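Paired with chain B in one complex and with chain C in the other, chain A is shared by the two complexes that follow.
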Partner chain A sequence: MRSQNRVAIALVVIAGVLMLVPMLWVLALSLKSNAALMVDTNSVFDGVFTLENYAAILGDGQVFRWIGNSLIVSLGMTAGVLALSSLAGYGFARLEFPGRNILFVIVLLGLAVPEQAVIIARHQLFSWAGWHNTYPALIIPGLAAPFGVFLMTQYFRAIPKELDEAAMLDSASRFTVFWKVLLPLTIPAQATLGIFTFLSAWNDYWWPLISATNKQMFTLTVGIASTQMNFAQTEGLGFLMAQAVFAGAPILIVYLFFQKYIVQAVAGAAGR
Partner chain B sequence: MRALVLLLALLLAACGPAEDDRTTLTIQRFFGACEAEYGAVTDIAAAQGECGIMTAIINRFEAENPDIRVVENIVFWPGYDQLTAQLASNDAPDLVTMHGSVISDYQARGLIEPMDADLAKIGIAPAGMTEAARAAITIDGRVWGLPIDTWAPLWHINMNLFRKAGLVRGGRPVLPSSPAELIAQAEQFEARTGKPYFVQGAANEYAGFTRNFYTFLMQQNGEPFADPRRADFTTPEAAEALRLFKDIYDRDLTTKNQDYSAAVAGFLKGDGGVFLVGTWMVGDFQAASEAEEGALSGGYAVVPYPQLYARDVTFADGHNWVMPADPDRTAAEHEAALRFLAFFSRHAFDWSRTGHLPVYKAMIDSPRWRALPHRDALAGLATSAAPLPKGVRRQFPIETIVGQESAAAISGAKPIPTALADMERRVNDILKNL
Partner chain C sequence: MAGVTLTGVSKRFGGVAVIRNLSLDIAAREFVVFLGPSGCGKSTLLRMIAGLETVDEGEIRIGDRRVDTLPPGERGVAMVFQHYALYPHMTIRDNMAFGLRNIGTAADEIAARVEAAAQSLEIGHLLDRKPGQLSGGQRQRVAIARAIVKQPELFLFDEPLSNLDAALRVRTRLELAQLHQRLGTTMIFVTHDQVEAMTLADRIVVLNDGRVEQVGTPMDIYLRPASLFVATFVGSPTINLLPGKVSDAGGATLVTLADGTKLQTAVSMAGLAPGDTTIGLRAEHVRVAEGGAVEARARVVERLGERTLVHVELADGSPLVAEDAGISQARAGDTVRLAINAAAAHLFDADGRGHHAAG
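And then the complex of A and B:
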């Protein structure tokens, strides 16, 4: 048993190193001058490092605005998805109404429709509304979250109905039951959904690229991409890597803070 | 508490945007951002590189035109997805950078403005431009933009290795004048240096294949787009262009399996004699040749593609300013755009320091431009650089297909006739649906 544990630990360590090495490589490249990397990426090992690539990123007056935009969009989308998915999940799990199952299937079908299939229609719709280059245009499309509805529905279904009935016997309204009794029990699911939504919104590139065409409204992903010159992978490799680190750092911080929740939630979801 | 709220409100109001009655000129461009280094630079002569020079030109323009507020929208290269989205939502910029090979896609759909009258108004005559620059902006006799530059693939040469190979005469590289001479010189180079003659970025990279294919096809007077609506690649000339590079590949006279970055690094480290890449690398390699150490130290030359067949021609493209169609653009904004174009045109020499070929014949003939490193050797491009016929649309995706099929033929993955047939079919699938 002990030897099995050692093997398991060794495998985990190997997997961890394999995942860590590319990230360390990116970090190391980000600390090298572009000129040195253009000649030889092995110059990473010569011990000469610089912060000039990070200075170049921070020297762009727009970058903090782009971070702000990304935060607004990501937090707005996360809050919206949590609210809508919770309400929809509660409705599908607890309320009886005509066409409920058909409606649920229609929502789930949304999982099968790729963004690419609707992007032109969506762009035209927001164009017609005159909403491009606004926060609503960046947030609202992400609020349609079939996965979120599915996840929350399953969570609500797993909670015993006796809890609702007990609360109602105490004269609680349906909203009170939802808000004060059931919702607190779904916090692990909310955490999972919230993290995934936040990450997805933060990393989104395509929709912000074509909706936010004014640099004041760029999100961080679009903004830092815009600063790349052609052949950036050759002439600006260090800068490119610094951009990757810079854009990924907030996500890493979020993960570090919510790591416990994420693990618990995923484990809980698997258990159910 | 109420006083605090009032104070906060006043502070917020004070932080709001000040009244600005300047005309706003929105310029959308690629070439990257370098605000940290050049954000405040207005001395154009002190700027270096595409990004630096472009940024300094725009800064200087804004400094000299206090009645105009420039909004500079920098987009990820090449930025056409964003431009298309902007046009779809009636939010187009006033000026935008565009490759000559892309102009016909937008012009055919009425998405850019004709500029004959505008250029005449600011005193720019297309007749003074090089053939390639004029061709880039002219469709059906009308002018659709202001050329920024022309770029072409070049032979960047490691003169130190060429000397070792006995391929330098009178201080100049000895270049082939036929396919047979090319193979002979390349074999001599390989025998004396132990290195391949060519360095090429050929892995995950198709642009180089396309430029070679088009160039040597055109040198044989091949016309793959005699009808701009139909590609014709199943010709002896096309087969010969691929055969030449397959021969080079099979004889190991080129580096293999290097992507673009590896090829650049390889050339800088002396992996081979001739690097096939464009005008934009002249400055970097010249800088490497001025360094005290390195494979190129004191030994770099650059020339246009040598003439191996009947015609002296090199496939070329270029960057241009175009004005997207916008019914809401005011006369003042239009005027501001023209003032910028005139200003940019006056600083064409500064842009030519990027390594790209100037668009004005007079500048190419000027001692000032000729005094820049290697420009004398590149001046011939003024007459030999040639883009594809302007009527050919979708040139960007077509270039990818041509490169993919060329790569397949040269590496031996497909027989040459099969690759050419596939190339023709795939390209025509695109063109017939326009």
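And then the complex of A and C:
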């Protein structure tokens, strides 16, 4: 048993190192001057490093605007998804109304519709509304979150109904039951959903690229991509790598803070 | 304190009638136990009184208020659930205060009432903990304290002891009896455990298939079961039931068993038709005795300490449970003689109705 454990741990360590190497390579390249990398990427091993690529990113004042945009969009989308999914989940789990099961199936079918299939219609809709290059245009499409509704519905269903009943006998209104009794019990699910929503909103590239044409409304992913010139890989490799590190850093920070919930979420998803 | 009146109450789940036209009066300050097997409708009936299930027909009154149209929080009742239903994210103090906050009770009064209830149930030291940090017994006490703090007109208990271990169940049962004496509040307690029913109740309501089989004091139910169902459901070991023929022997009611044994009972023939009957004999009325009139073979001997239960087989193969002294000589396989106290026998007619000796 013990030797089996050792083998498993060794395999995990090897897999971890294999995944870490490309990231370390990106980080190392980002700390080299573009000129040195143009000559040979093996110059990484000469021990001479520089922060000039990061200085170049920060020197462009628009980066901070794009970080702000990304934060507004990601946090807005996260808050919206949590609010809507919780309310919908409570409704599907606890309220009796005609057509509830059919409606739930329709929501689930939303999981099967790829974004690509609706992007033109969505673009036209927002053009007609004149919303492109606004925060609502970047946030609202992400609020339709079938996975969130599904997750919260299942979570509410798992909470014993006796708690609702005890609260009703304690003279609580339906909203009080939802707000003060049930919602606090869904915090683990909210954390999971919130983290995944934030990460996917932060990393989203396609819709912001289509909707935001004004540089002032770029999110970080679109903004950084826009600074790349042709042949960036040969002329500005260090700068390119620094951009990648810069864009990924917030994700790393989120992961470090919410590691416990992410692991729980993945383990929970695997267990179900 | 308020009594409870149920008049013609019915409840259906889909096509299944769970409570059928049930009427019942519960006096103020009374401790009433709803007793019955799983699925008899006892918990549904309790939940209807609480307002957690709607009433399809009939009406429910608590005191002189009709409550079946009121939401649970306006009925003046408090309930202790089988699985306690404590709010896991709140401290015990907040669990107890939650109901009072919802009706706008002043903060200082809430604090005073929580303290008083906590003291009375000896959970003062647990107030700042959360339910997950408590043992099953402690959670049970908190659930009761949460009910007490509301000072309700009526307490409802839905099998609250079923999750406790045997020793704790006995202790909590005693404490509930003391609580009722102290508070003097009307209490309705649901259980399928006849020992809980017998020890706690002022009156027991025996339910079967959505109907009241019998309402009476514990000893009434035990000594004068209204039906075959009540006789078999109440009492441990289960009452012995033997088929026989009833006849009138000059004023006395005579029962002839299948093996020919004749038993003269104290039951009046009034209301009984000669012919087939079922005779019911509690184990304590069938004693293992050397001079006994009936011969039987011992199959299993259960030594319980203060008494011994001897499972025997009569000559015609009918099974019977007899009682012997704590220190019994009987062994499985022995031939034993039984002394039957037929004067204590119950007779059940073809419809299952019970007939008993007068008095």
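A few remarks follow.
One rule holds in what follows: the second predicted complex is superposed on the first by the 264 of 272 C-alpha atoms of A that agree within 3 Å, B and C clash if a C-alpha of one lies under 4 Å from a C-alpha of the other, contacts with A are read in each partner's own complex, and residues count from 1 in each chain.
Going forward, a contact is a pair of C-beta atoms (placed from the backbone, for glycine too) under 8 Å apart; a residue touches a chain by one contact, two chains touch by 3 or more.
Because the structure is predicted, anything quoted here is derived from the model rather than measured.
With the two structures aligned on chain A, chain B fits next to chain C without clashing. When both complexes are overlaid on chain A, the residue A:168 reaches chain C alone and has no touch with chain B. Comparing chain B with chain C, the partner in contact with more residues of chain A is B.
Looking at the shared chain after the overlay, A:160 reaches chain C, while chain B stays out of its contact range. Residue contacts after overlaying the shared chain place A:184 against chain C, while chain B stays out of touching range. Looking at the shared chain after the overlay, A:41 reaches chain B, while chain C stays out of its contact range.
Put simply, the three-chain overlay gives an angle of 160° at chain A, taking C-alpha centres for chain B and chain C and rounding to the nearest 10. Once the two complexes are laid over each other on the shared chain, residue contacts for A:176 go to chain C alone; chain B is not touched. Remark: least CA distance from chain B to chain C after fitting both complexes onto chain A is 30 Å.
Across the complex, chain A is touched by residues 50-52, 71-74, 77-79, 81-83, 85-89, 98-99, 102-103, 150 of chain C. Across the complex, chain B is touched by residues 38-41, 55-62, 123-124, 126-127, 132-133, 209-211, 213-215, 222, 225-237 of chain A.
If you check the complex, the residues on chain B that touch chain A are 30-37, 39, 50-51, 71-78, 81-82, 84-86, 88-91, 260-261, 264-265, 268-269, 280, 284, 288, 294. Remark: chain A residues 160, 162-163, 165-173, 176, 180-181, 184-185 touch chain C in the complex.
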